[in-house]
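To keep things simple, chains are lettered A, B, C, D and E as they appear, and every chain counts its residues starting from 1.
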């Protein structure tokens, strides 16, 4: 069936608009679309979105992460095998992280990483045929925020929620940040790490994030105020 | 697919949280997740859900020969299945130690506790007895499987009705449901299993969720003071019929007393819920209402992630209701066309005695025909 | 072949809920009339190397009926569903991985296999696996009088001389899988094929509504 | 030539299809030569052996007596089992039947039930007391594709040549006497014939191949034929489509007619074979 | 035996109709008399020491590496051999000898008395074990180390001397599969009833030989497998009670019988070799023809390219 931007699409539909735009200039097709000989076909169910110049993608609901290059992900160290750590990032197979890919790591002083540690890393190599590879050093060799995340709490949620809270237009984070101080790392593989001063505040942040999945922007604002007031004890 | 291990930060955080008196999803130590029991269209099939953990129990019966050692007793057979539907790390039809554990506990709770009157299942001594088979299937594993499985088994056994049987001489007539209304199974008492997760040396939390169960069991491996899962089977007369501990040894005895005390009132609560749901189901069936599993399908589940089933929640967090949409049907069109094809030719010849043969006319194909065996026409 | 106006035609009431089980990657419970099926899909997992396939994902279907004792006909249903899904899913995007589809039959009041195939398709949509096309299954029955009933109720199926189930793909509405019981003439088969193909649009519209009701919530 | 087939199976197959000829030189809707032999095994009550192309299947029927089921007091039993033996091809391992064997078994059973060519009531000797049990055991000696057609052909030939011995059942003493030399043939109405197709997704169009070999079946999506059409003397008694490429309406009609023609030829083969056998 | 969920099962209490036929339950003496026709020879007119003609054909199954079909008048056996593959099942250490997995199966309709089950039962397993010991010695299993070769036998009709027919079929199948072997081997069976030796017994004679009787005469069945050139016995299976000198007499008879089979096998194998050789020639000629066509086509294209 023919569909246009903004429609709810099912796999098997094709969109001529993309082909027509594509005829003129280069078109970027994102996740959920696949180019076949005659048309651009939709491969995932969701809403067909367009960003102005020429990027199209389908915003669909998904829980299982497919690793792809350049994304940050939160992983849990499964085993130490020789000089690489096997890290579980929720994909179909465990990723490999070499001990040298930490800032300032040399043959002699290895980074102290235990089994079960939570690490925030960037996916260096990921393709459907190869095992994904992680790295904890950003382009100019600095640690930045990558590396082992100590204490705090980590929990799993759907990939859409991650995209939603990380999008600039989402009011969640900025309405929370001036309520009480907390640290947050969101991995594109559906895992979020949070740490605040007290336990209740950490839970509050987690509660706010999970609660925001099905709310519109203003409902999110009211929810955040509600949580803030609970925290400060106005409502018991 | 190996199970994703519990990360150190989760372990530390949950432990600190519990020792400080709170729990991840805002419940108190004694509070349980909400129970829901729904029955299928035929007798003896029910789905019990405890928060997000869902278990389906299906009871079926057939006439078999009794065992020699107990010629006048029926047979009760419980079979637990944990498939990939429960969680990705389980494999289909493979007997993992979790299934053995659940099977053993349910058998202790329902078979050895003599809660079902097996004599009433006997039709003809030494020849024909009813054999009741309970199939327990774990639909979703979100912690505390044994409690949810025992509720499902109890509800389905209490709800099950077997066809009426009349004996004419040595012949046995099994009446269908429509001829004679079926006989309910007689239950002497209603046992149910309750789980407690032990943290540190004296903290008892009831109805542990998936993460609390994982953290509690993983703490056992380290050297510090014990953590473990205590399962108490108890019936409505507050008589414990099952006690099972996995994990580290318990130091003080009063923990077990505390567990049994809190188990008895909680058990009473759950058994009342089960009884009420069965009575309400019976009244509905009297009024000829069509009971069916499709009633458990709701469409406000999408929004429910805001309300009670949130895995991380402040104690008194709630939110205003949200509007729901309804869905409707649309119509459609159709098309058709016709095609003709031409027949192909063979000759049929009766060659050897008792055989007939078709030699397909293989015309010389343009392609150079290279075949290993020299089947010359 | 009599041309019938299909405007007033209605499928059995369908109720569906996606994301019914929070532990599996994609799950759906679907009620078509009185028949209810629950399907859980676990997306690309790693499986032991012997059963891995170099080019495409290996699909494993487990059908567990209400009774509990596995029968030969369960294997038959599993095979039909696996063949249907193999054409629907882009297996080549997830080589050397495994996709497990677990099906639990809750109620069976006729038309179990079409409901299972539709529910499997919804679960696949929910799991976010890349799919070539969506599949819709429609059943029909031929009663003694010889006229065709689309999406028959349970007692119509019991008294029917022949029943047929067709599964169509959403791209060109071609037949993906199909099978029949009982004897029937060739004309009847063509008419049944056409009317089921038309009725499959209703199922595709139902899919679109379900996905729509979830999507504008995600926003 | 063989190495090319082993190294690049898909390309090898595609080259053939693009010149619309099949690897063994046949046209798309052309079947392989068939040899059908009836009653070669004397220990079985009725048996037959078919060799169509390189697929050979033997079917033997053994008769037994049993008390009918309580629910259906005046119905006999018809139990068919298809065994894909480990000796017929390296694909099948010893041990209990694989999933694919169970699917073939189920399909053959369904077709037999649908065609209603055997009325179970004829198998009943004394209602609720004694009935015939027809064990039809089909063993595949050589597996080279389109197994369902071969199984059904042997099954029907054996059923048509089967004759039941005369049974005297004394109600009071419940004593059974079987007179082996008075035998009356079993009434078989109609003759279902299955034709299997494989639908290949070539880049430009979908091509249907009749009576596929196991290599052609592998090329079109793994196990077994994609489409099985069964004709029972002018009436369709079952259409099973398992995956493989999708099929438009025009292709569909063409296949039904091809299958109709083939069912006529197979019927002729079975009838000549039986006529030949009875004249022995 | 637990209900087999993977097959369709008939009613449990079903029993063969032959039981109720008149001539089924007959005593030992009647059966013994039934073995002979009026002038003292065996029912089918053969002498006591005369064996049934052996008809055989190789390369019967195209998918198998080697296959053979053997017919001893009414005993029909099919055997197929598959090329070596990794050892199935857990393997704790490297096995220097190649393993041979054998399976002998009766067709459900093959036995005259009752229908045999589909799942392998005890005497089929015993037969497979005997079969394996018989053929194992002749195969040079050191040539395919740490690999497993499968030999499957399916008995279509059982009219006596199944094991011998299976072993002969295996020998021909192995040669057809070009498996490294010391030498070809052949096997023969003899039954002893009431001190009377029956060579190549029919099913009735075998049934009588195994039937328990009170009188202390020799009773039993002996199957002998002999290797060709060295004429030594690779395998001797004996069921029943037979005293020493009778056994020696039987072995001498069987040795000659096996020796009689050898020329038959040799001719068949030599014919096969010729046939395959001829086929190979045809194959080579066609290949040459294809290569010529391709080469002159290439020449044409190079010409066209050159003048462009």
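We take it that a contact is a pair of C-beta atoms (placed from the backbone, for glycine too) under 8 Å apart; a residue touches a chain by one contact, two chains touch by 3 or more.
For reference, the UniProt names are A = Exosome complex component RRP40; B = Exosome complex component RRP45; D = Ribosomal RNA-processing protein 43; E = Exoribonuclease phosphorolytic domain-containing protein.
Being a predicted model, the structure only gives us computed values, none of them experimental.
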Minimal step count in the chain contact network, subunit A to subunit D: 2
Chain whose Cα mean lies nearest the overall Cα mean: C
Between the pairs D-E and A-C, the one where more C-beta pairs touch: D-E
Geometric centre distance via CA averages, subunit E-subunit C, whole Å: 49
Subunit C-subunit D separation of Cα centroids, rounded to whole Å: 28
Computed distance of Cα centres, subunit E from subunit B, in Å: 51
Interchain centroid distance [CA atoms averaged], subunit B/subunit C, Å: 24
In subunit C, residues with contacts to at least two other chains: 18-19, 25, 42, 45-46, 70, 72, 75, 169, 190, 194, 214, 217
Contacts with two or more other chains, residues of subunit D listed in rising order: 1, 40, 102, 105, 249, 253
Subunit A, residues touching no fewer than two other chains: 213-214
Residue ranges of subunit E touching subunit C (in the complex, touch as defined): 5-8
Touching residues on subunit D, where the partner in the complex is subunit C: 99-100, 102-103, 105-107, 110, 113-116, 221-223, 232, 235-249, 252-253, 256, 260
Footprint of subunit D on subunit E - complex, ascending: 4, 6-11, 13-18, 20-22, 60-64, 67, 74, 76, 78-80, 82, 85, 88, 101, 103, 105, 107-112, 115, 118-119, 150, 152-154, 156-159, 287, 290
Residues of subunit D defined as touching subunit E within the complex: 1, 40-45, 47, 54, 56, 58, 60-67, 69, 77, 79-81, 83, 85-90, 93-94, 96-97, 102, 105, 109, 132-133, 135, 137, 139, 141-144, 165, 167, 176-180, 214
Complex contact set, residues of subunit A against subunit C: 1, 8, 10-13, 32, 34, 41, 43-47, 59-64, 66, 91-94, 128-129, 159-160, 164, 213-214, 216
